[in-house]
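What follows is chain A paired twice: with chain B in the first complex and chain C in the second.
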Partner chain A sequence: MNHSNAFGRIISANSRECVAGYRTSEKELPQFASIVRIPVQEESSYQIYGLVTDVQIEQDDFLRQIAAADSISDEVLSDNRVNRNIPIVIRILFLGFQNESGFSHLLPPKPPLSLDSIYLCTLSEIAGFTSHGNFGYLRHILRVSNVPIAELLAVHLRQTAIAQTANNHSAWIKNAIEEIIDLMRDDSAGLLEILSALGDADISME
Partner chain B sequence: MEQKTIGYITGGSLKTGFLVRLTVPADEIQEGGFVVVQSGNYKFYGLITDLRLKASDSRFSEEKNELRLQKDIALLLNAKTLYTELEILPSLMQKVGPEPGTEDYAQYSQSVDSYPIPVKTLPAHHAVVRIANAFDVWEIFGDPKAKAKFTVGLTREQNHPIAIDLEKFIHRSSGIFGATGTGKSYLTRLILAGLIHSKLASVLVFDMHDEYAFGDTSPDTNIRVPGLKEKLGSHVKVCALGRGTDIQRKLRPDFDLVIEQQDILPEDIEMLSRELNLRETTSNTLAALVQSFGEKKWFKTFMELKSGNGEGTLESWAQENRIIPQAAESLQGKLSRVFNKSYILEKAPTNCIQQIIETLQSGCSVVLSFGKYESDLDYLLVTNILTRKIREVWEKRTNDFHGGTGKQPISLVIAIEEAHKLLNREMAGQTSFAMIAREMRKYFVTLLVIDQRPSQIYDEVMSQLGTRISGWLGDDADISAVLSGLAGREALRGMLSRLQPKEEVLLLGYGVPMPLPVRSRRYDENFWKDLLGDQPIHSTMKDAKKDWMFPDE
Partner chain C sequence: MPINFEQLQPQILQSGISLGFQIQERNAQLQKAAKFFRDLASSSIDVERLSRVLNKKSEKRYAIPAEALIDGSHPADRETDQKITILAADGSQISPNRHEAVSFGLINTAIFIYRTHSTEIPSIVTETALIHPDPSSQYDDEFDENMIALQRDIAERKLLAKEACQLGCDNPVIALIDGPLQLFNLRQLFQNQKKLFEEYQSAIQQLSEKNIITAGYVDRPRADYVIRMIDFLKENPERNIQSGEPQFPLICDSDIFSLLLRPGERSSLFNLYSKNSMESKESMKIFFFYLNVGTIPKPMIARIEIPSWTAQNVESVNLLHACILEQTKIFGIYPYPYVLHRAHESALINFAEKNQITNLVAQELSRQEKSFFQKSNKQIMKDMSNRKISI
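Up next is the complex of A and B:
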């Protein structure tokens, strides 16, 4: 398997989500709505799958001062962006997990431990996790609060559709949209918002 | 066996029918479709009675989402949230048997278990609904080739032949209805041909418009179709009203019908009250006439009573019998329309009515052609006298049979076009027809009522009709009349008003296991070939045929 590098470590966690810190010096940028995996240190075969629901740059007093200054030198700018220790915080929503018996779209039985590493999933990992079962993981996304769900889903579906197509499963996107329509049937306003976001994301169904 | 699945059960009740969510495009399904729901141990048979557009939320139906969403996404949304709901009128249910063709099946098909029974329970949610296939049709409507079965039409979707049970058809009075031009006369010809050919009954047709004996040229297509006499010559005798009357101006009948004056009873006249505009005093006068001159002579004597005064005049007779002379004179004047009928003679050369009755009793059918006597007066008077006589004979025969002194009389079907003329509310009490409709099945006589205005027929008679076959009807009252006394009336109403204007009928009532709209069988040469086979016409029949078709050759 084409393992990617770890890009951050867990700071805090509960059974639904976790927060991770990210060092700006690392190469791979975690994007909004990326699927990530968190191998839990203690058990070799247990890893949690999650979705990046928020990327936040923490503020501190020093930054405020710089931002308020009239002009900022390039040196100060790059020093701040590259050398600072934990300037960026990522929120990750749990979608399911994997253990020796395979994937599950239930919430992970145990949260990750602090300082566990986080990896971006490869296309085939994404395809493997999202085509397991019958889109059970979508319910976690639809339930998340304080996040623009329509945007989150649109980006997630576009990326996953690319991963699925790369794995010869181009019908996945159609099934996924149908599942969302089914799940959101009773909330017509919410559903229409999601579907128009999907349109903006230019998802191809061929 | 092909199984076209169309949807699944989502709800319903015995009272309101089953609800089905359609899984195929709505335009593949039509009202009136014959469907089967299989659920657990039972198959349910029913009719599609309504289609309804539904949305899981009105926002999905009211807004044109295909305009604001990406096209493919909108299609998915519409497919998921917009759908068609069917309403099914359940009629019958049947235990699911073993695979057809197996030994178990043979045993099962003989057992009571295999009989379809009226629906008494419901299929489960999500039970699959499909269009009936040939086997389902066969299970419910039976083998159209079986004895006493007669194919009247084809299912609209898949052209499966649908047969009626002729024995049931004649066991109670039946009716064929539909607005003008819907094909009543054509369908009647078909069914009568099947009936006569089956030899299950003799048929007496009151052929008011000369359509049945020698066929008819369709005004719509200009194609001439053969009549019953032409095709079933040896089983059908043609009788024309009046002496030496030709039918369709060139064809000689087998015999004539002349009515003797002594056959006319006061009740035959009273029945003409509306037609002749008779007064209330009429029955008094008629009673006095019978008392003075006897049942057999009153008509002739009254006709000959002179006006003026002195002995032997109408006035002196009236005074002697305490009848107001003006009333007697007025009645005599009004009856002149009857006195002048050339088919009423003092003495007929042969006893025509007897001849008709004997022909019918021998198992041969009779078409009575009215020829030029097309008025309602002729129709009412002649059909009533004839039917009265027939009824007497059949009643007596049946009583003899039950008393052990005679054979069972042959079943008789009397076919009457424009039946409302004889069976309207006003008339029903006075003619023999209403009585036949009510109780004559016990005496082996039933009616085949053909009419375009069923609402004009007395309800008590309508409710007695067993098998009903109806083409398109526009009038609400007519529709109600046809459906009176049947289960599922409300659901069937719409279906009647949405039949094709021609050659499509709804089969209803006693003679069919469940209501079903069908495309009428075509009445043409192919029909006759099917019915008679390709057998060459017997040579003596051929000669006989020449005789009646071309009398001058």
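Up next is the complex of A and C:
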């Protein structure tokens, strides 16, 4: 199991999603719609796959006060970014899981535990998870609330298309879009919104 | 039981009326005291004689002029563009509570180290000490809230001295404490704690030997050391000051200096007289000045306490003045030194941490004594009442 790219820890979780804290001092900010995996500490072969649906930078009144100052010195800036315990809060939607039997696009049987680590998936991990089965994980994305689903899907498909192409599955993106059209056939307004976002996503279909 | 707002309303009204009358009286006292202060400034004060008389007659703390001009107002005389290392100390504590599962004390001390005009990331040093009751001790007060607060104050000074003295840098070093520099009533509090008193003296001695610019920052000071001096000097200083009623009970020093000091200016230096200071070593003597960290429509006065070795060096006082002013500007309309607030944040023990430490101590004791520790019934019921249940 690859343990590089750990970037945050679970703060709270339920059966559908979790919230993770991420220190601003860490270098790479996880991007919106990134696919992540969460190895569950107690079981070595069990890990949950999820999608970053929101990245929120927490505020406190102290930061507001500093932001209102005429100028901020480099020392104050670095102190607040490195030393102060103000995390970036990331919301992760569960897409499925992996255990000794392989991948599943059903919701994970149990959520991760507090302070479990989160890892960014590599291209081959993304390709492995998303090419399993028949796009079952898209169900979870399409029914998520309080998230711009069209934007989320567009960014996800663009990133995954790159991973699939790198793994010689260039037909994956066409099949994925056909699956979305099929799933959204009773919601023409929602489908148009998704197709419009996909148009802006500049996805290569080759 | 909810608050009885019906009963409270007329009381609030009455307190507002009383306050209104008090403000008129206070303004009158302020004008009178300011005039006496200016009159005193134009005459010469015999400081030697004043000290002698106070030493004989007073148990209170007074300001004694340390400069010929007592109503001086000095602007910050330089831009603090030079590199300065500032160390700020603060501490927090858990006081023993017999209703908790285990009764213990804990002191957490933090030093925030900040280098101005550098790209260096500030660093934080913390020290945490668990305090157990000593069953063999003959003194009950060793484990009480006041004694733990005092131990915290000493821990702050010790860690500040340790970190400041081991810096070994060429740039000036400023060591800041939140609140008064002097620990008052030291002798009474330390009557059973000779070791603590020696630790306190040793920390001050270390700072003194390294000639580190040291200061205590007192926000919104309510002391009346200068007012007492005015009150004392405006009549015959030989009078019996123990029996004399104060003439300006409604005002404090900061009221006078908010009239005298423009934004960014500091007052002249004063020596803080007390019975203890007369008997203590030179390095333990405290001086102070007032500083207006506010703006023209809204003066805000802070008192800066400094030890004798800092007070004797005008360059140090000027550097400290400019540095504190620069620090207070970071927070804009709420001027307060950034470094002190960060030291406070670093030292603070929050509620979750307190619970975690309590659990760790209880678990260890349970493991050793094979018995179960739990909160008192009173505390359990209080916690239940405070807990919000969402369904």
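Things worth noting here:
By definition in this document, the second predicted complex is superposed on the first by the 202 of 206 C-alpha atoms of A that agree within 3 Å, B and C clash if a C-alpha of one lies under 4 Å from a C-alpha of the other, contacts with A are read in each partner's own complex, and residues count from 1 in each chain.
The criterion applied here is as follows: a residue touches a chain if its C-beta (ideal position, glycine included) is under 8 Å from a C-beta of that chain, and two chains touch if they have at least 3 such contacts.
Everything numeric in this text was worked out from a predicted model, so none of it was measured.
Overlaying the two complexes via chain A leaves chain B and chain C side by side, clear of any clash.
Shared-chain residue A:189: touches chain B; no touch with chain C. By the touch criterion stated above, A:154 is placed in contact with neither chain B nor chain C.
When both complexes are overlaid on chain A, the residue A:197 reaches neither chain B nor chain C. In the overlay built on the shared chain, the residue A:120 is in contact with neither chain B nor chain C.
Look at A:13: by the touch rule set out above, it reaches neither chain B nor chain C.
Judged by the touch definition given at the top, the superposed model places A:65 against chain C, while chain B stays out of reach. Shared-chain residue A:51: touches no atom of chain B or chain C. When the two complexes are overlaid on their common chain A, residue A:36 makes contact with neither chain B nor chain C. Once both structures are overlaid on their shared chain A, chain B and chain C have a minimum Cα-Cα separation of 42 Å.
Under the contact criterion defined above, no residue of chain A touches both chain B in one complex and chain C in the other. Note for the complex: chain A touches chain B at residues 174, 177-178, 181-182, 185-186, 188-189, 191-192, 195-196, 198-199, 203, 205. The part of chain C that touches chain A in the complex is made up of residues 114-124, 329-334, 338, 341-342, 345.
Across the complex, chain B meets chain A through its residues 56-57, 59-60, 65, 68-70, 72-74, 76-77, 80-81. In the complex of the two chains, the chain A residues touching chain C come out as 62, 65-66, 68-70, 72-76, 78-79, 82-84.
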